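Look for chain A in each of the two complexes below; its partner is chain B in the first and chain C in the second.
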Partner chain A sequence: MGFLIKFFIRDGIQSRRTLWLGILGLFPVGLALILRLFSSPLARQGIEAAALFPRIGFLLFLHFLMPLVAVFIGSGLIADEVEGRTLPYLLVRPIPRAVLVMSKALAGWLTSAVILAISIAAVHAILALPGGLDVWWGDLGEFLRILGVLLLGLAAYTAFFGMLGALLKHPVLAGLLFTFGWENMVSFFPGNVKFFTIVHYLHTLFPHMRQFQSQNIQTQLLSFIIKTRGTAPALAIGILVALTAVFTGGMVLVLMTREYRLDEV
Partner chain B sequence: MIEAAGLSKWYGQVIGVNNLTFTLKPGVTGFLGPNGAGKTTLLRLLTGQLRASQGSARIDGEKVWNNPPLLRRIGYCPEADAFWRYLTGRDFVYSMVRMHGIAHEEARKRAEEAVERAGMKEARDKRIGGYSKGMRQRIKIAQALAHDPDILFLDEPLNGMDPMGRHEAMSLIKDLGKAGKTLVVSSHVLHEVEAMTDTILLINHGRLLAEGNIYEIRRLIDTHPLQVSIRCDKVNVLTARLLEYEDVLSVQFDRERNQLTVETNRPDEFHDRLPRIALESDVTIDSLWSPDENLEAVFDYLVR
Partner chain C sequence: MPIYEETYRSWEGSLIPRPRTWRVIGKTGIRLLWKKGMILFILLAYIPFFVRAVQIYLMTRFGEGTPLAEAVQSLKINADFFHGFLQGQWLYLILILIFAGAGLVANDRKYNALTIYFSKPVGFWDYASGKLLIIAFYGALVTLIPAWLLFIIKVMVSQDAAFLNQYYYIPFSILAYFLMVVASLGVLILALSAAARSTRSAAVFYFAILTFPEIIRGILSRIPEAGLFSLNAVLRQAGAGLFGVSRPYVFSPILAWLVLIGVSGLSVLILHWRVRPTEVIK
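And now, the complex of A and B:
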C-alpha cells in the first residue's frame, strides 16, 4: 500500500489540476500580504491584522479553498484513471479494489492537505509574524485548531467527491453545485436541515464560529423562530470521521460493482 | 488452462460477448476478429476486469472475477494507447512490477530485464509522452511480462509497430509460448496471428465463429482480397514498385499523410516481399496495418 500511495501522490503532483490548485492557494496569501500592507490604516480603526486570521480561515479556507481543492482532487481520484484509460493497468494487479481506492483517497487527501497547509501557514505567518514571534506563538494554538478542522473537512469532502467521481460522468459540476449550493446555503439555515451538511460539523469545531454567525441578521431572526440544538465537538469529530469512512466505503463499492466501458470514454 | 463456459457479457441491450465456450492450453492462441468483434471485452473478462453477465471464466479451475491473488499469474497488455505519460519507460515498468508486491531491488531488476527484452533499453529513460507509437507498444508489452506471469493476454500488441518491431515482438511472443507460457494474442490481422500461432479463435459480433487450426480459414481467406495500409517516407517510389506485381490489385495514396493503401489478393507473398522492396528502394516504413473494414469484409464473406 505504501508504494501505491507514493505512486498516486506522484501522479497527483504531476497533474495540471494540482498545479492550478496550488496557484489558487496563493490567492489567500496575496490577500494576507495586501492586509499586511494596509495594516496601519486598519490599526487606526482598531483592527489588528493578526486578528483577521480566523475570519480569513473561515471565509477563504473553510468556505472556499478547502472544498474547492476537495472537489477537484476528490472527483478525479477514480475519474482520472477512467478518462486517461489507465484503469486497466491497476485492475489487473493483485491488489484488492478496496486497497486501491483507499490508497487513492489517502494520496489525494495528502496532496490536498499539503496545498492547504502551505497556504494557510503562509497566511498565518504573514499576518502574525510582523507583530513579533510571541504574537505568532500565541496564535499557534488557534492556527493548529483551524488547520485541524480544515484537514478533517478535507478528508470528508475528498471521500465524498471521490465517490461522486466514481459514480458520475460530470462529477466536478455536481461537486461545485453541492459545495457552493447545498453546503453554503443550508448550513446557515436554522432548523435541523443543517445536520445534513458536512460543513455544519466543521462550523461546530471552528474557533470563533459564534462570532461569525451572530452578524447575519436573517439567521438571527430565523434562529429566534426555529430553535435548534448544536452539536458537541466530540460528536462532530466522530461524525466527520464516520462520513469519511462511509464515503470511502461508497467509493470502494462503486469500483467493485460498476464496470467502466473504457472504449466509450 | 483457461476455460470459458457459456461466457456472456452484455451492457444493457448491447451484447459484448455471447455464450462463448472454449479451453485454452499453454502456447500461443490468437483471438482473431475485426474491431468491435468482442475481443477486448473477452480479454477483460478473462483478466477479471469485467464480471460475466452469464457463464464463467476460470484459470486452472479458479474463477477470475474478484480474485486478486490469481492476478499475480497474469500479465495484460491493453489495447488502449494510455499511459501515465510523465513516467519514463523504466519507471512505468518498475511501477507496474511493484504493484505486484515485488520488493524494490527485485522489481528494478525485473523491470530492466523486461525493458531490454522488449527492445526498449536505449529509450528506457525517456518519458513515455515522447515515445513513438511503436515504442509505446513495446513498453506496454514489457510491463505485461516484467513480473514473469504464466499467462499473458496481449490486446492488439502489434498495432502501429514498424516491420522490425513487429518481427521482434512476434519472435518474443513465440519464444514465450515455446517456454511453456500461455499467451492469448488478439488481432484483426490474420497475417500477424498466423505468424505467431496456428491455433486461433475466430470471433465476430461477440460470437465464436471457428476454433482451432488456422489453415482452413487461411484457405478461405486467400481467395478474398486484403487491404494493407503503409505509412512511409517515399510514397511515390513505393507505389511504383508495388504496382510491378500482379497480386497488387490497386494502390491508393495520400501524399499529405505519406500513406498508401494497397489491395492484394496474395497477402502472404505481399508481406514477404515488402521488406525487400523497402530495402532495395531505400524506403523507410513507419507503420503498417490492415484497416478494420478489411477483416470485417472477410468475415462477412466467411459467414456467407
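And now, the complex of A and C:
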C-alpha cells in the first residue's frame, strides 16, 4: 500500500490538477498579503488585519477552499481514471480494489492537505507575524485547531466526493450543489436537519463558532421555537471519522460492483 | 454528350458570403446537452419559480392592501420582486452555466476538434457565437423565461391594468439583465473552458472566481469598494439600475458596468488566444 500511495502522490504532483490546486491555495495568501499591505488604511476603517484570521479561517477555508479542494480532488479519484480510460489497466493489476481505492484516496488527501496546510500557515504567518513572535505564538493553538478541523473535514469531503465520482456522471456539479447549496442552506438552520450535513460537525469543532452564528432575528426566533441539540466535540470527531470510513467503503463497494463500460464514456 | 466532352465544369451556383455556421454549432450543442440530462437541473431551478408563482397568486388575490403586505416589503410584487427572483436564481444559473459551458471549449481542445472545426468555413466569431448561443439558451431557461412567465402570471391574475401601467418596463429590464449576465458570466465560462484542458478544472475555477471575491466582500464588509471585486455584487448593482430599484451597495454603478465590460473583454481576449485552428504540441 505504501508503494501505491507514493506512486499516486508522484503521479498527482506531476499532473496539472495539482498546479490548479496550488493556484487555488494562493487565493487566500494573496488576500492576506493585500490585507497586510493595506493594514494602515484598514485600521482607520476599524479593521485589524491580525484579528481577521478566525474569520478568514471560517469563511475562506472552512466554507470555501476546503470543500472546493475536496470536490476537485475527490470527484476525480475514480472519475479521472474512467474519463482517461485507464481504469481497466488499474483494475487488472493484482491489487485488491479496496487497497487501490484507499491508496488513491489517501494520496489525494495528503496532496490536498499539504497545499491547504501551507496556504493557511502562510495566511496565519502573514497576518500574525508583523505583530511580533508573541502574537504568532499566542495564536498558534487556535491555528492548529483550525488546521485540524480543516484536515478532518477534508478527509470526510474527499471520501464523499470520491464516492459521488464513482457513482455519478457529473460529480463536480453534485458536489457543488451539496456543499454550497444544501449545506449552506441548512447548516445554520435550527432543528435536526443540520445533522445531515458534514459541515455541522466541523462547526462543532471550530473555535469561536458563536461569533459566526447568524444574528438574523428570524433565525434566532426559529432557534427559540425549535430547540436544537448540540453535538459534543468527541462525538463530532467520531462521526467525521466514521463518515470518512463509510464513504471510502462506499467508493470501494461501487468499484467492486459496478461495471464501467468504456464505450459509454 | 460525348464522353470526351465530359470535363471539369465550373460550379454555377451562388456563394453565400457568411453561412450561419454559428447557428449549426449552437443548435448541435443545445441538442447534445439536452440529451445529457440537462432537464433535471432545469427542473430543480424551477422550484423557486413555482414558489414565486404561488406568492404572486396569493398576494394578488388575497394579500394586496392588507396590513401584512404593507408591513412586509418582500411580499410585495414590484420591480424589487423580479430583481430579487433573478438574484435568487444565482446558484442554479452558475451550476447550469458550469454544466453547459465548462466542457464546451475544453473538450474540443482535449480531443483536437478545433482543427476539424476550422477546416470548414468556420471563423473564430462563428465558433465563439455558436458556443455562446448554447450558454445563452440554457441561461435563458433559468432566468429570462421564468422571470417573463412570472410577469405574465402577475398581469393575468391582476384584476385591473394598474400593475401593467406601472411596471410595463419590467420585461425589458429582465431581458437587459439576462443579456448582461450572458455577456459577462457566459463569456467568462467559455474563456475558462478554453484556458483549462479539463472540464473539472474549468468548473472548479469558475466557481472559485465567482465565490472567492464574494467571501472577501463578506470579510471586508466595512469597505464598500470591496464589492467591486465580486461579480455577484457588481451584477446586483448594475441590475438594480436596470430595474430602477434601490442600489444594494454604495459603489458607483458606472464602476460596476466598467468591471463587467472589463471581464467580458478579458474573457474574449483569452478565448481568442486559446481557440486556434492548430496547436503546437510541445
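The working rule: the second predicted complex is superposed on the first by the 253 of 265 C-alpha atoms of A that agree within 3 Å, B and C clash if a C-alpha of one lies under 4 Å from a C-alpha of the other, contacts with A are read in each partner's own complex, and residues count from 1 in each chain.
Definition applied: a residue touches a chain if its C-beta (ideal position, glycine included) is under 8 Å from a C-beta of that chain, and two chains touch if they have at least 3 such contacts.
All values reported here derive from a predicted model rather than from experimental measurement.
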Original post:
Clash or fit: chain B and chain C on chain A?
Top reply: fit
Original post:
With the two structures laid over each other on chain A, which partner does A:59 touch: chain B (first), chain C (second), both, or neither?
Top reply: second
Subject >> Broader residue contact with chain A after superposition on the shared chain, chain B or chain C >> reply: C
**OP:** Please work out whether A:258 is in contact with chain B alone, chain C alone, both, or neither, and reply first, second, both or neither.
**Re:** neither
**OP:** Check the residue A:172 against both partner chains and state whether it touches chain B (first), chain C (second), both, or neither.
**Re:** second
**OP:** Please indicate which partner A:31 is in contact with in the superposed arrangement: first for chain B, second for chain C, both, or neither.
**Re:** second
**OP:** Tell me which partner A:16 touches in the superposition: chain B (first), chain C (second), both or neither.
**Re:** second
Subject >> Superposed model, angle subtended at chain A by chain C and chain B (C-alpha, nearest 10 degrees) >> reply: 80
Original post:
Smallest separation in Å between any Cα of chain B and any Cα of chain C in the superposed model?
Top reply: 8
Subject >> On chain A, positions contacted by chain B and by chain C >> reply: none
Subject >> Residue ranges of chain A in contact with chain B within the complex >> reply: 3-4, 7, 11, 14, 84-86, 88-96, 256, 259, 261-263
Original post:
Can you name the residues of chain C that touch chain A in the complex?
Top reply: 36-37, 41, 91, 95, 98-99, 196-201, 203-205, 207-208, 211-212, 215-216, 218-220, 222-223
Subject >> chain A residues within the chain C interface of the complex >> reply: 16-17, 20, 24, 27, 31, 42, 45-47, 52, 55-56, 59-60, 63-64, 68, 71-72, 75-76, 79, 169-170, 172-173, 176-177, 180-181
Subject >> Contact footprint of chain A on chain B as seen in their complex >> reply: 11, 40, 44, 47-51, 66, 68-72, 74, 76, 78, 80, 82-84, 86, 95-96, 98-101, 143
